[in-house]
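Here is the structure we will look at.
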Amino acid sequence: MSIQDYVNLLVIGLSQGCAYGLVALGFVLIYKATEIVNFSHGEFMMLGAFAAIPLIALFGFWLGIVCALLAMAVVGFLLDALVMRRIIGESQASVFIVTVAFGFIFRALAGMIWGWQPVPFPAYLTGSIEFAGFTLQANRLAVVAVTLVLCGSLFLFFSRSKLGIAMQAISQNQLAAYYMAIPVKRVVSLVWALGAVIAAVAGIFNAPFTQVDTSIGALGLKALAGAIIGGFGSIPGALLGCLLIGVIEPFADLFVPTLKGVSAYVIMLAVLFVRPDGLIAQTFAKKV
Amino acid sequence: MSRLVVENLSIRFGGLLAVEDVSFSVEPGEIFAVIGPNGAGKSTVFNLISRLYEPSGGAIRYGDADLLRYRAHQITGLGVARTFQNIELFENATVLDNLLVGRHHRMRRNLLREMIFPPAQRREEHDARLKVEQVIDLLDLAHLRYERIRDLPYGARKNVEIARALCSEPSLLLLDEPASGLNHEETDDLAFWLEDIRADLGVTLVMVEHDMGLVNRMADRVLALHNGRVLALGSPEEVRGHPAVQEAYLGGVA
Amino acid sequence: MTEAMLQVSNLETYYGPIMAICGVSLEVRQGEIVAVLGANGAGKTTLLKTISGALNCRKGDVLLEGKAIQNRDPNWVAAQGLAHVPEGREVFPFLSVRDNLMLGAYRRSDGDTISADLETMYRYFPALKENAGKLAGYLSGGQQQMLAIARGYMSRPRLMVLDEPSLGLSPVLVQSIFHIIRRLNEEEGLTILLVEQNAAVALETSRRAYVMEVGGIVMDGPSAELARSDDIKEFYLGQKETGVRGTRRWKKRKTWR
Amino acid sequence: ETRGVTDDTIKIGTVTDLSGPLASWGVAATNGQRMRYEEVNENGGINSRKIDFIVEDMQYQIPMAVQAAAKLMTSDEVFAFVANLGTPPNNAIMKRTLDAGFPYIFPLSAGLSMSEPAYPLKKPYLLNDRDTMRGAVRYFAETKGVKKICYQVMANDYGTEVESGIKMAAETLGLEITAFGRHKPTETEFTAAVLQLRNSGCEALFIGSVSRDATQIYTTVRGAGWDVPVISSLGSLVPPVAENAAMEGFYTAAPFHLIDFEGAKDSAPHVYEWYQDYKARFGANPSAQAVIGYTMADVTVKALEKAGKDLTVDSFIAAFDSIESYNDPFGGPEVSFKGATHYGAQYSVLSQVRDGKWVVVSQSLPF
Amino acid sequence: MQILFKTSYDQDIDHLPHRAELLRVGLALALAIAAPLLVGSYILSQLGLLMVYAIAGVGLMMLTGFTGQVSFGHAAFLGLGAYAHAILMSKGVPFGLALPCAVAISTVIGAVLGRSASKMHGFYLAIATLVFAVLFETLLGEWEGMTGGYAGMFVPAFELFGLDFGSGWRQYYVDLAFLVVVLLAAANVLRGPTGRAFVAIRDSELSARCLGVDIARTKILSFALSAGITGLAGALLAHHLQYLSPETFSVMESLRLLLMIVVGGLGTLLGPILGATFIMILPLIIRGMRDLLPSAISEQAGLEPLVFGLIIVLFILFEPTGMAGRWTKIRRFIETFPYYRADSFERQKRYVKTERMR
């Protein structure tokens, strides 16, 4: 392969990393505000993409997407209000299991409603950009743009805005957050709604190059690995980790074909081995 | 019994010198109090002794042992036990189990043997229990034996923590604010217990305490810290009378 | 001045099968400082938590300025103007001291007065100002206690409920905390309900006091009067001669037991 | 006394996928089978025995397949297994079933292990993946003049067999394999793989996969602007693939034929009637898998009838082996179940997606 | 109503200090021993499988329930035990040797994983174990020479003295015997210092450390023990499956194991048994529901995972302490009859705090 091809792989890797990052943002959002890892995040993504298809057909592209996002917000909100809120304080394993179970339920429902076969997603940016001899599809660029914008705004949101800080407070000490008159239940439900919206954004923007089917949520696991590499809970860290996987993955596939598809996980284990809390650690030793 | 010697101990957290050049020694059988304003570095000194923090300089010796060459979990083996300012108990276990963990390093640990649980081990468990019961008697915890920690009020937890530390049969006990959250009557009880612990069990006591009543009554010597440095060291009267201590810590009382 | 700020009647709170407080009634009038004393395990924390909505009661009423507030969410209660400074600090460890304080003012939108209040708190607790940018989890125990109190004040409550505010504070700070409490009460008319182990200071500061034992209220009255009662003197103020070591512990029996 | 047979019933079991990744195969094939058995029962059964058809869903998961087979063997005590789905599940349960003496009729898989080694109780139906793929490669080499090929296969036994067919064909035909890749069944991202295949100068891309990854590979290929024929093995020959607009031009080589039911209206009215009947029963259009299921059940029913009133495993197998020229109701090629290989259908077909439909390109792919 | 008095410290050490408990357990054991006389061969093999899963559950419970280390990848150890055992047996090693070797291998690998995991916490660890299992599955698939690759491999028959121990009632007794031994060993560990150290680590690493518990070592022990027990279950499972393939030990299987102990009741030894029972009858429940539902729904593909998911969610919502917790309540009801109060298990409001500080 020529230098050109390598550069091409690198660019594709970066854009794929952004795609993972977009998914990871949703994980981090929910984690930051609730310390719950939502293992059904990938399925939220899938639902969002599926929901968008008929809505786009009905209302046109942009309005359709907005409707899909709103619908997902409702799903996320209800999920918290009906279930997650009630299992507060259960063991970590139980909470994990519940979110995993949601994955099952969503997948099954999606399959029942939209079938088990991949369906194409309406193309929205069909062009591609030729630059210095390599091509990049426009929709990949769109993913990069969306990821960067979302990442930046979430970062600012959490570090600057009152609501963002309140969300962090909730995850750190819920009772104290209540004492501060923060409407904890509402805020947490809002976070789930927002998480679902971000998942749907990820699903919709990733959909054009994967097609939509009930199993696209599997992408979530890689994004999770990326977020962990970065240090879960740190927004720039999540993006960093995902970019790392995105870039290393195609090269690893090329040079170590046995690791095809799992190189991201190898990287993750290696990083955790050296830095058990990820690159940008979000935990610290309790002060006594 | 051994002497605790701390020499030129320092630690910094980022830009902050939390403990700087602190030296003192604690004689066997002594009750030694550490006082100082909030944030002076008292708990940090404890954390350094129990090897939770790595000092940036200085030495800690207990008897012949250079503590800096041991890791946190080996410290108990040298006879040093401690309690925590913010109470660190095993929330989901009973008081009894908490105390038995206190005996951990005194018991033979071998996973295979434990799986089989030969009669010898039953005997050992029995012995451990006897020891624990002694401590339970001493600290009046009999009625709480089977309570889960998470159901206990603050004051009781404080006592359980002291009991747990005692179960490891220490020769040096570090107590971080044992009387905080206790009312007068309970503080009184505590004073008696501490006296018992020293007299009957022969344990050297080092305590961080803000209750000057207790300090004056119990302590043989007092160390006052301020901003990580030693302000005064001497008998309770001396330290109390020290103008800098008066100003920084006591604020004209006592 | 005589209007009841907080009225608790016949409160019963359970932890599963365990009854932690039974039939507690108390009253805090507008502009008062009221102290609750009691041995450990008496149910003081439980009482305060039930008042601020952190625990549900099974029976009884809690009225804040005549409005029922029992069994609501704590944030709703807080929004009614009640600030709870919890036992054991409960700061937000991963947020800076400043952010912690600003969260105290979560419901407020009056930017200028908030920063003025922030300055006031920094003035009261210089240690907080020094560490304003530091993560609260790294503060020393006493510094965290200061933060919890200051954070409670930042909501500008009408009723402040303090659970052992002096816990882990140095003597000079205990003095100044109670000084501050008195000042807030006098200058700003803040009503205060206070649980405190340091009975001497508590009785000195408060106008009235209640004494709790095993889940119920066993004594109440003006603080000055209570301070003269024998039991209080013996068990809370430690003004009686202590007997010979060993025998003394067994003889001790409170008259109400 | 024959296991699974009473005076008025014969129990037939099937282990299939109704809700896993091969559900589009399993559901349709089961429907096809069920339709045939219902017809039998409506007509008074076989030698006055009704067929009791027991379906177990294994979601394409081996432990569940093993469970399901155990249940059918020891709890339900079926007479025979018909049309168990998928190569790995079949591999997992075939041996113990055969050891326990159950006729193992027509595993719905094209794995080589379905036919080899031969065993009296084991009746394969489909031509194996390896030979199908050999035929496909030969077709492209001979009719399209392709010299350089590449492939991308699933990293499991199914993909491995496809791979071995491609390699064999390349060797006998003297073609160059320019590049290849393997992927896990769960893989969803093929950008790098496709880039590599494309850069190798490959002229025809063969893939061994099921419909999901086939779709993803194909759209990635076309998305990269690479205009190469892409030929998949049987897994992707399901209707939704054709209905996907992005799949236009995609090829599949599979050991069974496709029926144009609407077209059969005039030419073969009984086929059209069957089509209407199926739709009425199951509320869906029959796919190729439904046809296969029906056909497999049909052969089974024939053998059961032939075995006569005195039905035992031996008489059934003997009857089966005597079916010499079987013509399925849909006009497929004649097949015989006599002889050592026990092959059923010995042919494969190349189809392509054109205007949202599977269209047959070549009726036979000799290898 | 019965009142239980303690008269000796030994009662706190004994597994079954009270006659009632002894009676209950004895009865259960007697029933289990008599089972081959009572049920048909299919149910018997299912019971055997149940016991194998219960063993695996005990393994995972040691790690997740008692030491508080959530593992999302325990199927890897199940697979490790199964493959190691099957490979050894197919190389001619007799059962009596292959099984201990398989257990040893998974113990060692568990210890190695435990070593790298000893610094990880919470879901970092959960994901790390998940990823480990994914990689292990890949390894099983790629290492064709050893494992037969993705095509899988057959498990040699288990014969002893010319008798088939790999099926029927003999296999059942083998499974039962191992379950009893494992339960006993686990209970023994839990009443000794190491078991208490496990629980201590779960609740507060910091103070455990200050009491002389070597955190890293104890976590490694916990991992090794857990992996060993699960590996044993894997080896026994191999004889039930008779055919192994990488996907048998997929993430899904890991989740099933975790589900099993959560539904059974975390932090109890009864939990794995109840949990295993639950997952064994779950398919029956689902099938039953399928028959009850209108065909428009019941014939939908995907009903199983849907119901599976729903049951999990409902279970954790309404019985978060698991089946063992429910059992405790029932027992309490009987013991305190007629003084039982329904509200004695009513829960107060609860609040969570960060787990990022340790």
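First chain written, first letter: the chains are A, B, C, D and E, and each begins at residue 1.
We take it that contacts are C-beta pairs under 8 Å (C-beta built on N, C-alpha and C of every residue); 3 or more make two chains touch, one makes a residue touch a chain.
The model shown is predicted, which means the values in this text are computed figures rather than measured ones.
Among the remaining chains, those touching chain B as well as chain E are A, C. Taking each chain's centre as the mean of its C-alpha atoms, the one that lies farthest from the centre of chain B is D.
When you average the Cα atoms of each chain and compare centres, the chain farthest from chain C turns out to be D. By the count of C-beta pairs in contact, the leading chain pair is A-E. Distance from the chain B centre to the chain C centre is 28 Å, each centre being the mean of its Cα atoms. Spacing of chain A relative to chain D, judged by their CA centroids, is 37 angstrom. The distance from the centre of chain A to the centre of chain B, each centre being the mean of the chain's C-alpha atoms, comes to 47 Å.
For chain B, the set of residues that touch two or more other chains comprises 43, 52, 84-86, 88. Shown for chain C are the residues that touch two or more other chains, namely 15, 54, 93-94, 137-139.
Of all residues in chain D, those touching 2 or more other chains are 19, 23, 155, 184, listed in ascending order.
All chain pairs in contact, by the document's touch criterion: A-B, A-C, A-D, A-E, B-C, B-E, C-E, D-E.
Listed in rising order, the residues of chain A touching chain D in the complex are 1, 5, 8-9, 12-13, 16, 108, 111, 115-120, 128, 135, 137, 209-211, 213, 215-216, 218-219, 249-250, 253-254, 257, 260-262. Every residue of chain A that touches chain E in the complex is listed here, in rising order: 35, 37, 83, 86-94, 96-98, 100-105, 107-109, 111-112, 116, 171-175, 178, 221, 224-225, 228, 232-233, 258-259, 261-262, 265-266, 268-269, 272-273, 276-278, 282-286, 288. In the complex of the two chains, the chain A residues touching chain B come out as 285, 288.
Chain contact summary for the complex, chain B toward chain A: residues 43, 47, 52, 84-86, 88, 176. Contact residues on chain E toward chain B in their complex (touch as defined above): 9-10, 12-13, 185, 188-189, 191-197, 199-200, 202-204, 206-215, 221, 225, 267.
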